[in-house]
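The following blocks contain the structures, represented as structure tokens.
Here come two complexes built around subunit A, the first alongside subunit B, the second alongside subunit C.
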Partner chain A sequence: MSAEQETLAKIDEQVKNNPVVLYMKGTPQMPSCGFSSRTAAALVETGEKFAFVNVLADPGIYEFLPKYQDWPTFPQLYIDGELQGGCDITLELAASGELKSMMTAANAKVAS
Partner chain B sequence: MTMQQQIEDQVKQMLTPIYMRVDNESHMHAGPAADSHFKLVLVSPAFEGLARVKRHQCVYKALAAQMTHIHALALHTYSPKEWQDSQTIPTSPLCASRRN
Partner chain C sequence: MSPEKIQQMIHQALPGSQVKMSGADCNFAVEVTSTDFIGLSPLKRHRLVNDIFKAQFDSGELHALSIKTRVPEPD
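Showing the complex of A and B:
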């Protein structure tokens, strides 16, 4: 397997094994980008559990994640295995209250 | 041609917007790149009935050549009807590294 295939397989596993996963620059506590910072804050605000991957700490993911779902920028939010979007979409979902209910539903699915 | 013009031309051609606004927000960010951060507000009939994630993917596809050069593109996409009902366009964040 090429480095690209291996990384894409790893991403696929992360996305499928975590009900909510955020790929971001930095961490929710120490974000390295304004867009990642806002997105992580919106997720924290829901009080729901989520996983995150710091793309700056993994050069392979940083390079190949944009190819995974044809989404060229970070952050990227996946809920229940599906790309939801980046910062703008996450904030829209948070404002409408959809974000919390989507996260609750995805987390409940795994718990049951 | 500036990056801003490239974005405008490309979007006009590919997505036939009824309203478009491109803001260069590079001054809000750290680093030397003057053409690095943009905000795009777009109203297009092509977005009617499309989920937000698909709309953004359409825009990224139209701007594939430009996306390799720019660092961030804030996107606010509306169908004509949503645009009529909408109140405000959200503001973009400053770089985390500019806050300190």
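Showing the complex of A and C:
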């Protein structure tokens, strides 16, 4: 397997094994970019559980994540295995209240 | 990329669209109003706009594009 295939397989596993996963620059506690910071804050605000991957700590993921779902920028939010979008869409979903209910539903699926 | 260039590329790809721009350097925010968005999910709307700049994202010329999408209000 090439480095690209290996990394894409790793991402696929993370996305499928975590009901909610955020790929971001930095961490929710120490975000390295305004977009990642606002997106992580919206997720924390819901009070729901989520996983995150710091793309700056993994050069392979940083390089190949944009190819995974053909989405060119960070952050990227996946809920229940599906790409939701980046910062703008996450904030829209948070404002409408959908974000929390989507996260609750995805987390409940795993718990049951 | 210049704001003018970004605006021009959006107009070209989505004829009849309205584009409001803010930001500078490689971080821009655009608000695009287009009939092409009607019936599309937020993800698909953003993809339409992102796809216009695929080459610029790939080359690193553009790092981030904050996108707001709207459909025109009916007359």
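Rule of thumb we're sticking to: the second predicted complex is superposed on the first by the 112 of 112 C-alpha atoms of A that agree within 3 Å, B and C clash if a C-alpha of one lies under 4 Å from a C-alpha of the other, contacts with A are read in each partner's own complex, and residues count from 1 in each chain.
Definition applied: contacts are C-beta pairs under 8 Å (C-beta built on N, C-alpha and C of every residue); 3 or more make two chains touch, one makes a residue touch a chain.
Please read these numbers as outputs of a predicted model, since none were measured by experiment.
Enquirer: For A:Pro72 in the superposed arrangement: first (subunit B), second (subunit C), both or neither?
Expert: both
Enquirer: Applying the document's definition of touching, compare subunit B and subunit C: which contacts more of subunit A?
Expert: Looking at subunit B versus subunit C, the one contacting more residues of subunit A is B.
Enquirer: Is A:Phe35 contacted by the first partner subunit B, the second partner subunit C, both or neither?
Expert: Both partners, subunit B and subunit C.
Enquirer: Is A:Tyr62 touching the first partner subunit B, the second partner subunit C, both, or neither of them?
Expert: After superposing on A, A:Tyr62 lies clear of both subunit B and subunit C.
Enquirer: In the overlay, answer first, second, both or neither for which of subunit B and subunit C A:Gly86 touches.
Expert: A:Gly86 sits against subunit B and subunit C alike.
Enquirer: Kindly classify A:Gly26 by the partners it touches after superposition: subunit B alone (first), subunit C alone (second), both, or neither?
Expert: The answer is first: A:Gly26 touches subunit B but not subunit C.
Enquirer: Residue overlap on subunit A between the subunit B contact set and the subunit C contact set?
Expert: Overlap of subunit B and subunit C footprints on subunit A: residues 35, 70-73, 83-89, 92.
Enquirer: Any idea which subunit A residues touch subunit B in the complex?
Expert: Touch residues, subunit A against subunit B: 26, 31-38, 69-73, 83-89, 91-92.
Enquirer: In the complex, go through subunit C and note every residue touching subunit A.
Expert: 42-43, 46-47, 50, 53-54, 57-58, 63-68
Enquirer: Contact residues on subunit B for subunit A in the complex?
Expert: Residues of subunit B touching subunit A: 29, 52-53, 56-57, 60-61, 64, 67-68, 72-76, 90, 92-97.
Enquirer: Where on subunit A does subunit C make contact in their complex?
Expert: Residues 35, 66, 70-73, 83-89, 92-93 of subunit A touch subunit C in their complex.
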